[in-house]
Each structure stands twice: as C-alpha cells, then as structure tokens.
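Structure in structure tokens, see below.
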Amino acid sequence: MATDFRIKEELGQLTDRLVDSYLEHRSINYLGHCPLPNVADVVSIVSDVKELLFPGYRRRQHLHMGNVTYFVGDMIDSLHDRLTQQIARAVRYGSDTQHSDCCETEKLKDFEMEGQRQTVRFLESLPELRRLLATDVQAAFDGDPAASGLDEIIFCYPGLEAISSYRIAHQLFRQGVPLIPRMISEDAHKLTGIDIHPGAKIGPSFFIDHGTGVVIGATCEIGSRVKIYQGVTLGALSFAKDEDGNLVRGSKRHPTIDDDVVIYANATVLGGETTVGANCVVGASVSLTRTIPPYTVVTIEKPQLRFRDLQPKPEAG
Amino acid sequence: MATDFRIKEELGQLTDRLVDSYLEHRSINYLGHCPLPNVADVVSIVSDVKELLFPGYRRRQHLHMGNVTYFVGDMIDSLHDRLTQQIARAVRYGSDTQHSDCCETEKLKDFEMEGQRQTVRFLESLPELRRLLATDVQAAFDGDPAASGLDEIIFCYPGLEAISSYRIAHQLFRQGVPLIPRMISEDAHKLTGIDIHPGAKIGPSFFIDHGTGVVIGATCEIGSRVKIYQGVTLGALSFAKDEDGNLVRGSKRHPTIDDDVVIYANATVLGGETTVGANCVVGASVSLTRTIPPYTVVTIEKPQLRFRDLQPKPEAG
Amino acid sequence: MATDFRIKEELGQLTDRLVDSYLEHRSINYLGHCPLPNVADVVSIVSDVKELLFPGYRRRQHLHMGNVTYFVGDMIDSLHDRLTQQIARAVRYGSDTQHSDCCETEKLKDFEMEGQRQTVRFLESLPELRRLLATDVQAAFDGDPAASGLDEIIFCYPGLEAISSYRIAHQLFRQGVPLIPRMISEDAHKLTGIDIHPGAKIGPSFFIDHGTGVVIGATCEIGSRVKIYQGVTLGALSFAKDEDGNLVRGSKRHPTIDDDVVIYANATVLGGETTVGANCVVGASVSLTRTIPPYTVVTIEKPQLRFRDLQPKPEAG
Amino acid sequence: MATDFRIKEELGQLTDRLVDSYLEHRSINYLGHCPLPNVADVVSIVSDVKELLFPGYRRRQHLHMGNVTYFVGDMIDSLHDRLTQQIARAVRYGSDTQHSDCCETEKLKDFEMEGQRQTVRFLESLPELRRLLATDVQAAFDGDPAASGLDEIIFCYPGLEAISSYRIAHQLFRQGVPLIPRMISEDAHKLTGIDIHPGAKIGPSFFIDHGTGVVIGATCEIGSRVKIYQGVTLGALSFAKDEDGNLVRGSKRHPTIDDDVVIYANATVLGGETTVGANCVVGASVSLTRTIPPYTVVTIEKPQLRFRDLQPKPEAG
Amino acid sequence: MATDFRIKEELGQLTDRLVDSYLEHRSINYLGHCPLPNVADVVSIVSDVKELLFPGYRRRQHLHMGNVTYFVGDMIDSLHDRLTQQIARAVRYGSDTQHSDCCETEKLKDFEMEGQRQTVRFLESLPELRRLLATDVQAAFDGDPAASGLDEIIFCYPGLEAISSYRIAHQLFRQGVPLIPRMISEDAHKLTGIDIHPGAKIGPSFFIDHGTGVVIGATCEIGSRVKIYQGVTLGALSFAKDEDGNLVRGSKRHPTIDDDVVIYANATVLGGETTVGANCVVGASVSLTRTIPPYTVVTIEKPQLRFRDLQPKPEAG
Amino acid sequence: MATDFRIKEELGQLTDRLVDSYLEHRSINYLGHCPLPNVADVVSIVSDVKELLFPGYRRRQHLHMGNVTYFVGDMIDSLHDRLTQQIARAVRYGSDTQHSDCCETEKLKDFEMEGQRQTVRFLESLPELRRLLATDVQAAFDGDPAASGLDEIIFCYPGLEAISSYRIAHQLFRQGVPLIPRMISEDAHKLTGIDIHPGAKIGPSFFIDHGTGVVIGATCEIGSRVKIYQGVTLGALSFAKDEDGNLVRGSKRHPTIDDDVVIYANATVLGGETTVGANCVVGASVSLTRTIPPYTVVTIEKPQLRFRDLQPKPEAG
C-alpha cells in the first residue's frame, strides 16, 4: 500500500491529543482500576440463562432426560462464577459512584460475598421464571392466529425474547442489583425494538405482538393476561422537577394496566396516576392520559378521510 | 475471589429444582432425541444464500468472472448439505407436533429424502430470486433521492435486507417447509425492525423506506411497484373464533394492495377483505379498514393544531 | 444421512444457471478485481473508534492513566492502517461508478494517498467528537429521570449509540468520503432502530429517548440542546422530479430544528423549508409541515375518544 | 496490490490440470460420498477424554466434588455422540477398503449401531484407564529426582502424555476399531517425539523419561514397572516377505520386555523372539537382538576414546 | 485481585527500558514499515496446499467428483492471492537485507509482479508434486508391514508429512524464493522431528519410517526408492572457513545417496564428497564418512556386550 | 444417525462409575476450589513475551519506531495482569502441596501480592534477556553455513525457539516460581524436541543445531559460546537414594561444560562431577563420564565397519 510513512510515525501526536481529552472530558472515561460490569459478559450470561429457561431450543441440542441434569448442573456452576463476578462489580460500582479507586481488599471481599449471595438468590428464582414464561408462551399462542405452535413462538417471537429478558432483568432489579438489569433490557431492546424498563412490574400471560416500537416505562404496573401490540407506549406525562430545576427521580410516572386488558397498535397511555381498568380494550392510536374503569372499550373518533381521484382523464378529442 | 465454597458445593440442589421444573412446565422444554432445526444454522445458511444472490458485496471479496463459478459451486454444495439437514429436521417436526420420539431409521430416511428434494427445489429458485431482487434494488434507487447508487442500496438499505430475507423465506414457505421460513423472517425482523410474514405474497419492484416498525401480515397480497414507508401496518382487523372460543387459523385476515400503490409513514390498512386499488396513494397516518378504488388519494383530515406562546414576558417595571 | 448422491453430483447444473444469472442481472453483482469497502471491516473500525471515544466502558477493561496512552497509541496505529484501506477503496469507488476495472498501479497509489490523508483528518477530529459526545451524555442524564448516572447512559442508551455512530459518520461525510458514512449509519440503524442520515447537521447536547422508529433525513439541520422521542420523523414532504421524471437529488428536503426544541413521540416534521423555532415544544403525534416561530408549543387537538361498556350484565331472574 | 488480472482470470486452467491429476493418481485422493474419520475431530475427542482422565488439570478449571458429576456427565454425553460418529465411519471404512461408494441406508445403520456399541465399550473402560494411569504417574515420580510432585508430571511430562494417548489408542485397538487408534498415536508422536504403536501391550507403572526418539513397535509386549529413556527403540529385526516378495503383515516382529526392566538412552532391542528378562538393566546405546535372562545387566564395552590436545603452544622466543 | 496499583501505574518505566533495548540490540528487532513474510500465514498456505495434494483426507470432507472442481478452483484462487503477498514480501526482503525502508511504490510493484509470477509457477507444479507424492505413499506401504493401507499412511505417517512439506518447500527453493522454504521445512520439523533442508534434492518413492531425529542437510542428493529410519543424519563433516575465519556458505557439504539405498536407524553419513552407491544397505548406528560402492552392505562391528548377574543370592543358612 | 436411545439414556451409570474413580485414584485428580496455573494461559503468556523479545517477527507486524512503544506498553500491561494471576496460583500451590482447600482471603491476598512482585521482577529482566538472546542469534549465524541471515534464524531455528523458552523459564526458576518454569520448558520440548530443564545454567552465545533429541539436565552448568548438536544428552549417571530407598532430589547430578566447547551429535556427557574444560571438542557419539581438561579433542575409536557385497553375480552360461 502506498503510505506516507513519515505521517504514520507522527500519529503519536494524535495519540497525545486524544489522551489529553481524557483529562478534559472525564465524565465519559472510565479509567479506574476496579472494572465495571462488562456488557458482553452480561449478554453472554443472559444467553446462557435462556438456555436453562428453554432447554433444547437454542444453542444446545440433543438434550434429553438422560443428560439434561448434567447440562443444567454444569451451566449453573458456570453461571454462578460469572454472574458473581459481574454482580460484585456492579455492587462495588453502586456503592461508590464517584469513580473512587479505593478497592481495598477488605471491601472487595464484601462486594464479592454480596455478589455470590445475589447470584444464588437469582439462580433460585429460575423455576419461578420458567413458570411465568410458560404462561407467556401460551398467551402468545392463544393470541396469534398465525402461530403454528408453541415451538414456533419460543424460536421466533421477538415479543417472547423481550419478555424473557425483562423477567430476568426484573428479578435482578428486585434484588437491588445496580446497572446490570438495564444492560439486559437494552440488549433486548436492540434485538427486538421493544423497550421494557426492568423496573416495570408485569403479571403472567403477557403477550406483545410484533412489538417494534413498544415502550414500557420504569414504574408501570401491568396485571395478568395483558396483550399489547406494536408501537404502544406506556409512558410518562411530564417530569416533575425539584426547586433547583433538577428532575425528580423515583416517583411513579407511568400507568397501571389491570388484568385482561388489550392495547392495540400505537396507542399511548401516559401518567403515573392513570389506570386502565380490568378487561378494558384500548383501540389503536388512542392516547389516554386518565383512568378508565373496568370493562371499557376506548377508541378514537377516527380522523375524517379525504379521497381524491387521480385517474388520468381521457383527453377530449 | 472471595467465595463461600460451601454454598458453591450446594448448587446441586438448585440444579435439581430446575430440572424438576422441566417435568412440570413441559410446554417450554424440548427434551427429545430428534433435534429441531437450529436457528443459528438457519441464519448462517441465509447469510450464505445472500452471498450468492448479491455476489461480491458482502463477506466474500475479490470475486471476478474467472473465479465466481468455483465460489458458487462450492457454496451450492455446502448449502445443499446444510439446508437438507435443517429441512429434514423441520419436516420431521412438522409431521409430528406431539414431541413423540419415534425417530425410526426408516422414517428418518424419508424425511432426509424430502429434505434433499426441497433443498434442490429451493436452490433452483435462486436465479428467479435474483431477477426479483434486481427489480427491488432498482425500485429503491428510483424511490429515494438520498441514494447515491445501486451499490449503496445493496450495502446499506434495511428495506432491501428485509425484502431479501422475505423472498428467501417465502420461497420455502411456498414449498411447504415448516418452521424455517418464520425463523428467517424473524431474524430479518431483529436486524431491521421490519416484520414481513413469510406467507405474504409480494410482487416485484417492492420498496420499503427506513422501515422501522413496518408490519406485513401473513395473508397480505401486494402487487408490483408498491412503495411503503416506516411504521406502516398491513394487519388484521380482529380474529375470528370458532364455537369453542379458539382462534380460527388460516383464513385471509390481511389486506390486498394492488400495483403501483404508495403508502406513507404510519398508515395502517386492516382486514382481509380490504383492497387498496392500483395507483392509490395512502397518506401518512391514515387508517383504512375498507376497500378504496384505483387511482384514489386518501389522506386524513389533519387534527387541528393548537399553538401556545411560551415566550417569557418582560416583567413590568 | 440418506442422500441421493446422483442428485448431489448434478448440482453443477444449478451452479451454471446461477452464474448465468450474474451475466443477466449485472446491477446486483460486483465481480470486479478492485474490492469495495467491506461492511464488516467498517463496523469493526467503528467499534474500535468508540473504544477510543468512551475508554474503559466497552470491550477493553482495566484501563487506567498508567496504560491508557499505550492502548490509545496502539489503537490509533491500527485504525490508521485499516481505515486508510477502506477509505482508499471508497475513494476509488467514488471516482468510478461504472465498475470499470482499470485499477492501474498509478491511480491506486493516488487513492491510497487520499485514503491516508482522509484517515489522518478523521483521527484528528476525535478529541472534538469526544467534546460533543460529552454534551450528549449529559443531556441524556438531564433529560431522563430513569437514568441512574452517566455510566448507565454510556453503557445502555440506544440513543447515545446512534448519536455516536452519527457523529462518526457525519465527520467522514463532511470530509467527502463516499459510501462508508452510510454503512456506519445503517449499522447503527440496525442496532437501535434509529435512522439518522450521516448528512444531517446536529448540534451539541442532543438527546433521543427510547428512539425506536426515529428517522432524521439527510438535509436536516438541528441546533443545540434538542430532545426527541421515539417514533419522531424529520422527513421530506415529497420529492421533486426533473423534467425527465427522475428524482432531483441533493436539494434541501428536510426541516430545520432550532436550539432547545423538544419533539415528543411520533411527531413528524416535514419539508425542507419548515423550521421549528428555538425553544419550541412539538407535542406527541403532531404533524408539522410549516414553520413555527420560537417559543411555541404545538399540540394536536386530541381526537375525540369513544367509550363503550363491556361489562357483562347480570341476567334478569 | 499490483496484480496482472489477466493471469488471475486464467487460473481456471491450472484448476483443470490439478483436477485431472485426481483421475490419474487416484491412490492419494478420497473423493467418495461417505466421509472418513476426521483427524481433527479425533484429536479433539482424545483431548476431551484426557479431561476426564485427569480432571482439573487441563482446560477445565474450577472443578470440585460439587460440580464434577455435571461436568463428567455432560462430557460423556458429548463424547458418546462424537465418538460414535467417528467409529461408525472407521467401521464402514474398515469394511470396504476399495473406496466403493455404496453407503446404502441399511448398511449405514449397522455401522452406526456398531459405532455406538464400540463407543459405550470404550467409555466403560475409562475407570480402568484411570487406574493404570495413576500407576504411571507414580512411576514417573519414583523414577525422576527432578520431579517436584505428581502435579508437575501430569502437567508437563511428555512421557505421560504419550502413555495416556497410547492407553486410549490401545483400548480402541483391542476393540478392533480401524484407523482411529493410529490417528491417536501419531498425534501423540507429533506432540512428544515418542512413537508407541497402539498395538503394543504395556503393563502398569510404565515410565518414559525425556522420551524424544523413543519407538515402540506394534507387536511389543512390555511388563509391569518398566522404565525407558529417550532414544530407545523396541523394533523389528527385518521384515519377512512372502513368496511374491510382499511383506508379511501381522506376525510378532518386536521384542518382549518383562517386569521391572530398565532400558537406558538410545539402546535398541530388536526382534520378535527377543525377550529381556525380568529385572534386567539394558545400558545406554546397547543393541540387543537376542534374549537375556532375568536379573542381567547388559552394558556395552565402551568404544575407546581418543584424546588430542588443542592447546595453542607458546611460541619459542 | 489484590494488586498494588501504584506499581501497576509505573510499568511505563519498564516499557521505556525495553524499548530502549530495541535501539541497542537491533539485530533481533524488525521495526521496518515493509512487512516480512508471516510464519502463521505461510503455515496456513501450506496446510491449504496439502488439502489440494491429498483431497478428501484432511480438513475438508464430503468432496466428490461433482464438487471437487469448485473446491479446487476456489482454493487455487485464494492461494494465488495469499501466496503472492507472502512471496512478494520475501522477494523484497531478499533484495535488501539491510532492513532499509525504501519501499517505494515503483519497486513494490515489481516485487508484487514477481510474487505473482512465482506463485503461478508454484501452482503449476502441483500436479507434478502429486505424481511424486503418490510414489512416496506407495513406498511407505511397501516398506512398513504395520501399515494397514494407503489411507492410514496419508492420515498418520509423520514421514509423509515431512516429505510433503519438503516437496512443497523444495519447489519454492528451486524457484529462488527466499526465506519461505525454510519456514515451511521448520514447521514440518516441529511437527514431526524430521529436519529436511529445502535445498536437498530427493528422488521419488522416498520413505522415512518413524523419523524422529532425522536430519537431511541442504546439499544432500538422494536418488529414487531410498528408505531411511529414525535418527539418521545426512550431514556435514566440518565447515570450511575462508581466510578471514568466516564460514564458507554454499559449497556441497552433505552426502549423495544413490537409488535403492536403505539406511537404518541412527546411522550417520557425512561429507559432501561421500557417496553411498546404488542398492547399498547402511546398518544401524554406522557412521560413514567416505564413499562406498554400489551393492554394499555396511554394518558396524557391534561393541562387545558385558553381562552381569543381578540375581539376589539366597543367603546361606 | 441410527442410535439406540435407551443406551444413551443410561450413560449416567457410566458417569457415576467414572466419578467414583475420582474418589479412588485421587492422586491424578485436582478437585479443589483454588485453581492451579493453567498450561494454555502460560503458553499464551510465553508467546506474548517472545513478541516483546523479538518485536516485528512473529504475530504482530507493521511495528515501527513510531508505534512500538504503544505496542510494548500495552503488552506489558496485559502481561502484568495475566502473569500475576498465574504466578499467584503457582505460589499458592507451592505453599501447600497437599491440595488443602483453605484459600482464605487473607492468604490469597499475600499470594497475589507475591505474584505481582515476581511478575514485575520478571518483566524487569526482559532487556537483559534480549541482550543474551542477541548473542544466541549471532552464535547461530556464526555456526551454521546454511543460515542466510539473522532473520532466518529468528523465524525458523528450533534451537533458538528452545533457548528463548529456556531463558524465560530459567529467569522464573531463579526467582523461585514453582511449576510454571517447567510448563514453559515442556512446551518448548513439544515444539522442538529439545528438552532443557529450566534449572540449568547456560551462558551467552549458546547454539543448538537441528536439536531434536537434545536433553540438558536440571543441574547442568554451561559456559559461554558453547555449541551442541542434535541428540546430545547432558545427563545424570545414576540417582542416589537415601536410606529409605527414595531418590535424593536436589543434588548436582549433571555435568559442567566450560566456555567455547563444541559437542557433536549424539554425544553424551553424564554425571554431576564431570567437567568438560574450556575449548574442548567432544566428537559425535562420544560418551563421557569423567572430566577432561581444557583444549582437549575427544573422539571415539570408531567401531570397525564390515562390508559385504550384495551385487547379483552373473550366472555362468
């Protein structure tokens, strides 16, 4: 390749200028000795957890009752070590957001013990997660006439992918693990276009069809047997600020959806005090900002359509 | 790492509880000896098929007329073996949805023969797929003033990515291959945010711009030279149920779009009996649930806008 | 596997038919000796550039002030070589869109020199990109009450991912590098569902929340401290055609958004002459096609909602 | 790169000439549809078997009594499938050395059943192989003052590596599996420079020190507690030929070494009727071609050494 | 991990001292812009060439007459590019051993053209290499009663591995390619313990049994149907020095072995003027430094053996 | 594949039997929680150290004075972490050979601190290792007329490979690091057939030609400018045992070789009190077990050769 080697030997100046910028805009560096959780490791852990939740469908094949215990036991053991490491990092991070570097051995030990404790608690929740996910898979089959069977849903449905990641992330969120739940939900968001905050509370038999563009906010509460379609937003109305003009974090900003509700495509339900009562149906493109009682169907007065004829006229002779 | 090794040695109990849950919620395990099709293998096959459809653009470089036959012949041979295996699994699966485990040698042989037959038929369709895709690429260039050339479209356009996957999946769908077409279309959905069911019928010169959020249902029929924008849904109105309350699967639930139609962003066309006639234009955010005749422009009566002035007033002195 | 080997030996005929189709539909082959830029290589380069822009957060861990210079210097050196190669290919491509094959040594040398020149110019811009991105990260924190800290934003927010890719792509676009900027922005589009054309001009402190479905056109101009939500389209009204019926490429087709504007979910602003004045707020689902003055709040007259009671009536006794 | 593209486009002629040579020198092609065992797969299987024989020392770390059963069960399951496949191929190969291509489904089934039967028999021998190898490890420690412990031997000693591979290969040889035992022993030969034919019979507590250049022939019989050093050959005297001048294959051509023998570096013991009696010591560089009784020390009359003085003489003044 | 981070931050001083040593002991750095041939790339090229020489036996399986042309054509094309690059580097290196850095575009072009010319010449020799190797395989079968068939030899025999590498390396050596032939032969030396200098001339039907420790010097000439055993050295007597005390390089220093000779284990034949006549047999451990006429058997007067009885005497009662 | 699934489901019994054998032959398990050093990691560390010792020759190319500091600094940093981990494990292991499992946090911290201390000491020795290796490379060039230049030696000579590994291992041995030095030397032994114990002391300008079969014992002392050929053993005479019949470990058992000695192929020098004086030449196949004074040439009285004529006699007419 025709390269000017003199220029190449001067790249050191570029390097120095870039490193200088690390001193200047420190907010977007992490140059500390104690590592943060690693997104790629977390993603790989979640992928392995899903192998356990839906055994036989994904990477590992040829599982049967004669070997599945070995597979599970080996995976649990591996997950124990890897998840303990990531949670210990997250716990350390959460205990000290000013990037201080005092990873003293004594404290590190505490973080690691906490990481192990949280990991075991998470692993213990797997049978319960399976119980929930089995209801979600059934709900998808019951709700979509295009589904040829449960297996197709487990293999292919982005809604199930997003809900699985959410249920994993939510379990860790409930345990108070910092940072990692959000890494998990954003990974699912990238894959599916469905953005469920790990803080949301969602009951069993939840079904999201198609799903692209769905947003479910951090303080949503969703009951059992709820069904939502692509483009639905369960969001905040506006953000409260404190007297210094900073956002108030932590209050309930997103709606409550009771049992057996259906929300059609592109509808939005906004506000922390808004409740959609049980058995309601929210029509496509409806925008709700206040509570509706149970057994209500809400639709919009469709905008008037205008029709214009494009047909080329025969020219007069 | 500071680990409590006693806890680690007791993970076996966790393993047992999780394996127990496989006996309880069997609907989301697959613990049979005869493997299902594998999503990762199918995705890799599709990636290789696209190498053949658009040679020289993707992974393999330095192809020229002197070596392209070797490349193609080698790839065809490899695809023959891998696709035969996956289709044979899908065919076996389709013949027996109750997870029975009777993979007797005699029947397996039949499935494999069928897998090979279907594979050869698919590979024979590749020149026709190329003919169709050439029209799609040209349609994208003709329809997007931001495109600098055909190559940019082949390299970058998510719409083309989704349509390529769709055309591959649809060919297998037409051949009656179970499960695999949907795996292919959901992989494209993940990559592009465009969800085209492999059962849809779509004519040549099809263009989807931007594409995120597009949903095209299983029983849609789309003519030639149709152009649609991001967020468009071609969906079902509501699902018929039989007398037992179960969904009726298989009826035409999605609309028909005739030749030369343009559908702008976020419009929805719903219902199996809805037809958008040839040369129609459906405006942004229009929601259509009934047939419109050819050469019609449909737009919505835009909702009234309200304007409020935020300008801080000068305080009176 | 039960295979009919005679069929397998005849796959050569399939190969020949497919190769024949390369002569027929030439527009979607690239069978030239001079390679095009490679999407996978470009994606890997962008990933490494992001390692430099946000050191310590992504793949590479254990960076600290004692070793970061080595890491950066080594990466800069590697990026120099790889980016020079890709840009040289793009420059050659841009100089000759008819796939001619005359890669004479003399001209190739010029393309490579130009590739190096452009690469060094790009690498020199990295500190400035960091300065801009630091403002974007802060804007995300200031705008989202669910954010627990800056680190969470850098790790997880798809909006930041898309903006980072955009700022990298835009720098190369400004330098006049063909093809590669679009490869970069479409990679981000796939990951995030956010489609920002590299030609758009966007000021500092830009925040996109959730983001799925956002489209920002090639000739948009966006000021400082702008905030937009999922589903927002900043698009074109309609495409001008020249007297031969071909699209006019290159004119300003997309709107201008002034400083401190907020645009809520699913709003659309269309047209090259449309300007949203500074400090405006555009409400959810608003569709704007004309200019509004500064300090204006625009909302839609919400469509009338209809409520219907589903409650099963107690049967009369 | 400066390439003459015309030359490149003519490589097809080279290809054709090379393919023609496959028709001419058929003895060194294998162009049949039924695959042979694959060396890389066999090597990987052996590596995994060694993980089971010496758990915790090699690739897999962090094994403990709480998880080792999972690890072993999972590995056994995986080995079952992979080894069955390789042995089935070897059995098919052994049944038909003329490269005929009749892999009819019915026969294939028989080969596969035989592969599984042989695999299970091999796996059942693993505890016995461990018992033998434990004696070999102890013998190495007892015989080498440089060894710091048993662990060092398991980690580092090429002699143990070769003996482990031999014991695995010999088990398969005894079962009558074709081709694969030799693949295993030659892999060990490459790694260690120690060439033990899988047909040799070797008792427990066998130690080879340093080992490079050791050759142990196919029909050797070696007792318990034998110790040999680098460069030792236990070989054939000369090869019998039949009346057509072809080698007689299968007769005992290599020596018998009784219990508790030591053979020092570079000694050779040749001939199928040669026996080294129990408790003998064979000195370095001795060449034995006839039987010696028990409790004999054999050394060579060392060749006379000649000494010459090189010292530069002081010049006379 | 308990790390003293202050120490870690001071590793920069270590780095500086090591880099300083690159200025001091320059003879063992290569810090020039024009890359040398790369051993790993050369090894991978040789591995692929062996796939072509022995198709169907090694990595690539499922080759048959219906697909082998595609495989070969694709591989030839790939080898053309990779080998051209490596040979061009070697040619540049050979033209300029003082590490000068003047890789001017004009000269580079010449090196690349020469690389391509040499590559094509090498690829053209492949059918002839196959012809020779077929004789070597047959010779191994005819010479070793332990061989169960030709396939076992191709799969397993280190002698054949070494000879194959030698024949490849020798072809490039004859073409005058610098450095690369030796890389190839040393790779084979590592794998097999057989050290054949690429400069040696070796006729057809060559067989090396066991092979560990064989050394064949650069100026050896070996006829047809020669057979040698492990530990044989065909070496130099002593090295001539010129009047300045430097070694004279390039003269014939190694022996000539005529047709149909057998040389048994650990024999040494030394000296450039030594010839072993046709049909000779050189016995094990013979050390020859002068010419012997055809049809001669040379053996050593075996050193006298001494026997001593170790038998513990029964103690007198 | 035709598999008997009932057999497959019973593999659990096999697993149990194998795990039982771990309780029985404990000497060849390592089932403890505190991991041992890992051979693959150690090998990868050594490979990286060689990148630093011979920059530009091996994996990493395109190094020049403008970027080499970054490369070295980055590698040193990475080596610091990885080597600290491995040495800490080795130190823990060395402190406790009974496999006890008490890895208490407090002690672990000490081991890690010691690991770091040893690592820094090792890294500090790299410039001195380079100084020594530069003399070895020059000695190879001065000693082998077949060498075309220093670069060929660095690329290809197994002797240099073995000496480099030895010098690295010896430095760690001198520091008292357990286990790891032997892992390093046995890795080199596998690659080169040259077995140098890391405990040996070897002066500068050391050259081993060809090398296969060379053995250099743990307590050898070798001066400057020594040159040895393939098959040379510098070994022990016999092993002293203590009164319990156990080997005495640690005494000087191997010879001393003074400066400027040459030892030709297959010679053996044995015994801890044997010294070969400066400037001696030891002839091929000589076996020395006692001291010889400086400036002595020792050769063997060559065994008498016997010649026999094989020539077929013309039959009398």
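For clarity, chains are labelled A, B, C, D, E and F in written order, and residue numbers in each chain start from 1.
Throughout what follows, a contact is a pair of C-beta atoms (placed from the backbone, for glycine too) under 8 Å apart; a residue touches a chain by one contact, two chains touch by 3 or more.
Owing to the predicted nature of the structure, the values given are computational and were not obtained by experimental measurement.
Trainee: Which chains sit in contact with both members of the pair chain D and chain E?
Mentor: Expected: A, B, C, F.
Trainee: Greatest Cα-centroid separation from chain E: which chain?
Mentor: Chain A.
Trainee: Could you find the chain whose CA centre sits the greatest distance from that of chain C?
Mentor: That would be chain D.
Trainee: Between copies chain E and chain F, are the contact residues mostly the same numbers or mostly different, with half as the line?
Mentor: On the two sides of the chain F and chain E interface, the residue numbers are mostly different, under half being shared.
Trainee: Give, as an integer number of Å, the spacing between the C-alpha centres of chain D and chain B.
Mentor: So the centroids are 52 Å from each other.
Trainee: What whole-Å value do you get for the distance between chain D and chain F if each is reduced to the mean of its CA atoms?
Mentor: Chain D and chain F have C-alpha centres separated by 22 Å.
Trainee: Mind pulling the chain A residues that touch 2 or more other chains?
Mentor: Only 2-3, 5, 8, 11-12, 15, 33, 62, 64-67, 69-70, 72-73, 76-77, 105, 108-109, 193, 212-213, 231, 266, 285, 302-303 qualify.
Trainee: Which residues, counting only chain F, touch chain E once they are in their complex?
Mentor: Residue positions touching the partner: 52-59, 61-65, 68-69, 72-73, 76-77, 80, 84-85, 88, 108-109, 112-113, 116, 120, 123-124, 126-127, 130-131, 133-134, 137-138, 142-152, 154-158, 191-193, 210, 212-213, 230-231, 265-266, 284-285, 302-312.
Trainee: List the residues on chain B that touch chain D in their complex, please.
Mentor: Going by the criterion above, the answer is residues 5, 8-12, 15, 64-67, 70, 105, 109.
Trainee: Which chain B residues qualify as touching chain F in the complex?
Mentor: Residues in contact with chain F: 2-3, 5, 8, 33, 101, 105.
Trainee: Using the touch rule from the top, collect the residues of chain C that touch chain B in their complex.
Mentor: Those in contact with chain B are residues 1-4, 7-8, 11-12, 14-22, 24-25, 27-33, 35-36, 38-40, 93, 97, 178-179, 182-183, 185-186, 189-190, 193, 195, 197, 199, 212-213, 215, 217-218, 231, 233, 235-236, 239, 247-250, 253, 266, 268, 279-281, 285-288, 292, 294-303.
Trainee: Quick check: in the complex, which residue numbers of chain D touch chain A?
Mentor: Its residues touching chain A are 62, 66-67, 69-74, 76-77, 81.
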